[in-house]
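Just passing along the structure, written as structure tokens.
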Amino acid sequence: MLELKNLSVHYGPKRVVSEVDLTLAPGQTLGLAGESGSGKSTVAMSVLRLLPRTARVEGEILLDGDDVRTMSWGRLRAVRWASASIVFQGAMHSLNPVRRVGDQIAEPMRLHGTRGSVTELLEQVELPREKARAYPHELSGGQRQRVMIAMALACGPRLVIADEPTTALDVVVQAQVLAVLKRLVAEQDLGLLMISHDLSVLAETCDDLAVMHRGELVERGRTREVIANPRHPHTAALTAAFPVIGDPAHRWADPAPAPEPLLQVRDLVVDYGRTRAVDGVDLTIGRGEIVALVGQSGSGKTTLARTIMGLRKPSSGRVIFDGAEVARSGKALKAFRRQVQLVLQDPSSALNPRHTVFDAVAEGLRVHGLADDQEAQVTAAVERAELRPASLYLESLPHELSGGQQQRVVIAGALVLRPRLLVADEPVASLDASVRGEIVALLLRLRRELGLASLIITHDLGLAWQIADRVAVMHQGKIVEQGSVEQVLLTPSHDYTRALLRAVPQV
Amino acid sequence: MRVKLCALLAIATTLGLSAPPASAQQPVVLKVAIVQQIDSMNPFLAVFQSSTEIGRLMYDYLTAYTAQDQSVTEGLANRWQPSPDRLTWTFTVPEGKKWSDGVPITARDVAFTYNLMLTDEVARTANGSFVTNFAEVTAPDDRTVVIRTKTPQVTMLALDVPIVPEHVWSKVGSIKDYANDQMPVVGSGPFVLSEHVPGQFIKLQANRTYWRGAPKYDELHFVYFQNSDAAVQALAKGEIDLVNRMAPAQFDSLQGKAGVTRNKAMGRRFTELMINPGAQTRTGELIGDGSPVLRDVRVRRALAQAIDLDALVARVNLGYAEKGAGLVPPVFGKYHWQPSAAEARTFDPAAAGAALDAAGYPRKADGTRFPLRLIGRAGRAYDEQASEYLKRSMSDIGVPLDVRLVSDNQLNESTTAATYDLAFSGWSTNIDPDFVLSLHTCAQRPGADGKGGTTDTYFCDETYDRLYAQQLSEFDEARRVEIVKQMQARFYDQVPAVVLAYENALEGYRSDHFARFTTQPAQGGVIMAQNGMWGYYGAEPAQRTAQAASSGWTGFAVAGGVVAALVAAFVVLARRRRATAGERE
Amino acid sequence: MNRMGRTGLAGAGVLAVAALVALVAPLLIDADSLDVTRVTAQAWQPPGAGHWLGTDHTGRSVALLMAQGTGTSLFVGLTAAVLSVGIGTLVGIVSGHFGGLLAGTLLRVTDFFLVLPALVLAIALSTVLPRGLGTIVLAIGLTSWPSTARMVRAQTLTIEARPFVERARALGGGHGHVIARHVVPSVVPLVLVNATLAVASAIVAESTLAFLGLGDPTRISWGAMLHQAQLHGAVPQQAWWYLLPPGLAIVVVVLAFTLVGRALEAVVTPKR
Amino acid sequence: MRLAGRFGGAALSLLMVAVLGFFLFRVVPGDPVVSMTRGRPSTAAMQAELRAQFGLDRPLHEQFWSYFTSLLQGDLGTSFTFRRPVSDVILERLGPTLLLVGTATLIAVLLGLWLGVRAAWRRDSVFDKVTTGVSLTLWAVPTFWLGMLLMMVTGDLFPSRGMRDTDTAPDFVSQALDVGHHLVLPSVTLVAVVCAEYALVMRSSLLEEMHAPYLTTARAKGLRDDLVRRRHAVPNAVLPAITLVFLRFGLVVAGAITTETVFSWPGLGLLFYDALTGPDYFLLQGLLVVTAGAVVVMNLLADLLHGVLDPRVKVV
């Protein structure tokens, strides 16, 4: 049905896809995995000739035997959506924000003269019919993605291409959307080309798996085989990056003795206007202990972290650090902030694009007036964050570094003040799979060598399994369950924890 | 759909073009440009010159001035007689004159008008000064008006007050709120106001029953222009028939223009350079911040001597002015004064310098004597240019000038507060010189609080004041003329101001539309801004074949053509696009 | 080099020439040749030998007037822009960075000035204040800052929402640190672009005020020349040589500033 | 809640305009009474009378209070020059200004938006380069100069002043044609400048949307290029442009001052120019309140309209 022969795509002199061969038969499901920049989305877009004019496409793209590259525009328009449709990434932006979703679903049907009803399509994706009158912004992320799926099925195509259909969705919602997609593909016997950076998602959905790396197809085979016995080192790195909860091989944390408390949160309440974001939370972090705070987005975990840092004023409750209550302002707060450092999710935005690595790392020193011997301290911190030799990086600007390197700079910026606690908000969520492991290892090594305690905020239960000593599960502003990693993740006692665990895609 | 729309548009455009402006049996119209706004049509409130001028066309005064030589002639009254003590004047309003609505004009209308002004403070807004000396006005019968004044008044035959119909105005409740816009407005003049669109135009119809005889054309339109530049252009294009107050350059630009005749007339205006003589209040307090050196009359004379009046007239007025001397312009011949050869200060910078040396202001090391400030009005061409010349002349005698050109308001503010050394000013004068002479008497200076002054130059001179009082009660004209001339000589000698020039009134008219206008005075007089309505009243239309109005419509044709072409191109393009839809993206 | 860069460079070239003229003209031009009392040439001469742009209503050479006017127009444009952008930046940063009553008030005031028709206000101001270049600069500067303030405020808010500012706060950085190290550096390029465009509109505003007769009449500027041309009847005389050059000069210089501004903008705003 | 806030903000702005107008124009130097009576025989007593008539002899705060209280009743005071209520004088001139600005805005919006859309959609094409170049140039052109040039170039083709001739036949068609004839030059002048801005804004607004993912969705669905543009890109990109049009409309009223001055168009701008020479305080205040009020109202309308057109913005 779909056959890519020797497909190469160039942007100017840059080759982003090189000589990819791929076939997909009707009813077949194929996952295309790869990190960002591996060219996987380019392959998807080339199928309907949707690449920008600047792209040079070579090779053949046969859709039902016709080469998409040489079709007339009229013919191409007829083929688009009727033969193959796409579920785009990020439905918020892929849906026209000023038109009702019902109209948008109906549009291709009118255009291609397909019979059918919007209501039916909405029912197929388990959305109530009145949602047809809604605008995209009135829907939740999961609902929007369902609309995208309904739209993709509107003209009864035989091939559906899904480009990162669940990225940016919460685990629980992701599981639901994947379920819908899986069911429909099976019911209607569609061909599915699914693209994702997340092997576990592909493993859930696809029978076959292809792995791309730097524009090349490095591996292809049955999903189970590829994951179980990766032949290409890159595939291996990808598989390793997705820890399996309960698998001791994926548990990297060293067992630590019960420590004495470093930071204690007592009955903390934070309100945003009328909504209560954090509702009476008690939490303790011991010296040198790594605690993972897990929960869905909107559960209040980020607010909790901000409040601990003193970036938000709590409505009530106390934060005690090293036996003393943390001040809300003034010098004492500043001193406290020297001891507790924040590491943010997206390193590229956590670094001022105009500051060199040296400036970024030295910022803390400057703020606290520790200007003497700056250079030595910065160098030491950078090297400790495993950017060696430091001199190679000090004068670089953030955009010259890779994501992993950027995150190391952020960590170095924290280390330079010799903190005792690190609050890390989704420290690896935006990193490519292969880099993720290195950062996790770095955090663990810092704990080992410096006795640095960490509060890791994450939605990713796998990360908690990998790194944490203890886990606290947060739901609707409350901590519903906390305890040692094994205890919480292997024998969950709260329903919510169980729901979270169920939603994790299984490889 | 789109094509249809375009076709519709095209049809509409052509339809619009084919319909010519209707022009059957067009009345003969004189179109006059006015640059000043009309403040009010209510003659008791209207103070702007433009409004007064239109008022003259609507309402006759008690007496008028001839076009020939501006002597007093019949207005509403045809005879007048002062009592021997000169305190009671009897005017006779003859039978046969009618308001434009047919009601006869009587002495009672006259008495009503003056009494309204005497009793209603608001009615004195515009012309109150004429009646301040009145004790009583009565109309013993329909033909006779008797006015008693408090003191003898020489200006009794120069009462520039529009007389309004009692049968209309007696019903007016509040003068202040009465706009006088019940068209057509009942009046006694040669024209009747028929339409007024503020900011756009004013239309008057010829008064067919006017007692001097109907005007020789049908309608008189005043068209508002934002600036005289636009007015001159419109004249050149034939959109209007008469323009005045042209700048010299604009006047020159019309030279040789077919169908346009220019009228270089003697003006009523003079331009002066005020020299602050040490401004004081009526009580003798010094006010303002005028340079103390100017209190010395020798200094003022020296400055005046250093100004080359001929050069100013030649370069700034481009020759369209008479060199200045006394306060009364030559257009009012008998009161006009020229210095004798002995009195005259001829331009002589060297002598001026010597005079300053003698007065105790020698040049300092840097070549200057003392600095002075000169204030003028920004945006007035004369001030902007003349200040350059004065700056040069003064620096030649060691007086550096700091020239500041300011807005009208700021200029007023400075001259009233006497915060100037030298300043440009100017006045429009009347046939009777009383007012312009009064501006320079001690009594016109402000009161102790610095307010209420109406003085022009802060001049206060015993001799001058004594002469002023004399002329005011001198009823022998020849002797009064003599006193008035003496006053001007005194003014010239004491130099509280240098009269720089009597500007010509520069007018132009379409001689292909109107063959002749009556000027006042007959020799070198003006058409517009007269002391009367002769210019408009006496205009004689030329024999014309066709109104030139149609020429302007070619513009529409051009625009229409362009639109049509665009529409056609659009239609063709749309067709082409539809045909190639399949191959395009 | 791309198109934006080329046009920007062309604009910069024009500006360099204009600046050169502005600096050199007062040195080279004999004061007497611009002194109406000393000029000997005839008025209203069309371009020809001797006066290659003709003469004005007093016989001065239009070409010399043009050269002399360059400085005034550029000076007013630049200083007014600096004033306007300065106020705008200050208000923008302060109202963006600090919350609460201060920001609310500033925002209110900004909105208020944004609502006022700038031209009307500038005209009113130039009637109120004494005549002079300073007044013109003030009138333009005081009425044109709100858009800059709006933009700077938006940028400040954007920057402050960035994680790196949060990180700086978490590091213990105070207001001073955040503003000096993060906000100002990221606002500066935008402000620069804005300033360039502000110069362009200030020059147009100056010419408009001068045309309405509210300029400094003792100084020669392009706007003042147009005012004079209108005052002395250039249109009915068909004296295109008096009317065309000042207007064209304004257009060219304003366009040059705009092009440079757009080129800078293209450099400053990151490509997506 | 938000709507109430909007209205409240607009009301507050208007209030501030009124206050500013009063005090700003009180600082204008010069005694209006002196200006009024200049060049006419007048005595000190008469001047004092006039001053009392207009309440100029009272202390400033009293003047302000009476101005303010009558303003709340819609009374803008009495014009010094015209001796009539300011509101009447302004109303008289509103028509011509609205006609001029309305015509110009309508043409400019249609033309500008169309040009902007075409230019952006075919970015860097000849059409785009020409449109952008011309727009940028026109943006740099001082309005009054353009007007003067047009007047000089067109010579006798169009009338040089005003809104209508005085001797046109009174029937509607002739009058309408006459006004249309007079309208050509001023509106072309205004259109040229305003249209340029709209075109540039529309262009950059559409360019912002050009890479929006939903356009890719639309293309993938098989929509023709011009349908993608018309159905998807333009409805999104036009939102900021429409807001701008409304914002501008108010400002264009004020910006028409120079155009009206050049062409003696009997509108508000010309009135403003005339009022300045008075100075006619109440008229100036009234004009400021009215023009600023127009902008405030237009802002409000823009907000409301934005709420209607853009479902993302909810005006509750």
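A, B, C and D label the chains in the order they appear, each numbered from 1.
FYI, contacts are C-beta pairs under 8 Å (C-beta built on N, C-alpha and C of every residue); 3 or more make two chains touch, one makes a residue touch a chain.
Predicted model only: the values in this text are computed from it and were never measured.
**Q** Can you name the chain that lies farthest from chain D, using the mean of each chain's Cα atoms as its centre?
**A** A
**Q** Any idea which two chains share the most contacting C-beta pairs?
**A** Looking at every pair of chains, the most contacts join B-D.
**Q** Using mean Cα positions, find the chain sitting nearest the overall protein centre.
**A** D
**Q** If you average the CA atoms of chain B and of chain C, how far apart do the two points sit, in angstrom?
**A** One centre to the other, that is 40 Å.
**Q** Just curious, how far off is chain D from chain B if you go by their C-alpha centres, in Å?
**A** About 34 Å separates the centre of chain B from that of chain D.
**Q** Which whole number of Å gives the spacing of the CA centres of chain A and chain B?
**A** Once rounded, the distance between the two centres reads 83 Å.
**Q** So what's the Cα centroid distance for chain C and chain D, whole Å?
**A** Between these chains, centre-to-centre, one finds 22 Å.
**Q** Residue numbers in chain B touching 2 or more other chains?
**A** Answer for chain B, listing residues that touch two or more other chains: 227, 233, 407, 409-410, 584-585.
**Q** For chain A, give me the residues that contact two or more of the other chains.
**A** Residues of chain A never touch two or more of the other chains.
**Q** Got the chain D residues that touch at least 2 other chains?
**A** 28-29, 151, 224, 261, 273, 279, in rising order.
**Q** Spell out the part of chain D that touches chain B in their complex, as residue ranges.
**A** Contact set of chain D toward chain B: 28-31, 34-50, 53, 81-84, 89, 92-93, 96, 151, 154, 156-169, 171, 173-174, 177-178, 180-181, 184, 224-225, 260-264, 266-267, 270-271, 273-274, 277, 279.
**Q** Show which residues of chain A lie in contact with chain C when the two form their complex.
**A** Touching chain C: residues 309, 311, 333-334, 337-338, 341-342, 344-346, 349-352, 354-355, 363-364, 366-368, 410, 413, 417 of chain A.
**Q** Taking the touch rule as given, give the residues of chain C at its contact with chain D in the complex, in rising order.
**A** 3, 108, 111-112, 115-120, 123-125, 127-128, 200, 204, 207-208, 211-212, 223, 226, 230, 235, 238, 240, 243-244, 246-247, 250-252, 254-255, 258-259, 262, 272
**Q** Note which residues of chain D are touching chain A in the complex, please.
**A** Interface residues on chain D, with respect to chain A: 212-214, 216-224, 231-232, 235-236, 239, 309-312.
**Q** Give the list of chain D residues in touch with chain C in this complex.
**A** Of all residues in chain D, those touching chain C are 9, 12-13, 16-17, 20, 24-25, 27-29, 124, 129, 136-137, 139-146, 148-149, 151-152, 211, 250-251, 253-255, 257-258, 261, 272-273, 276, 279, 284, 287-288, 291-292, 295-296, 299.
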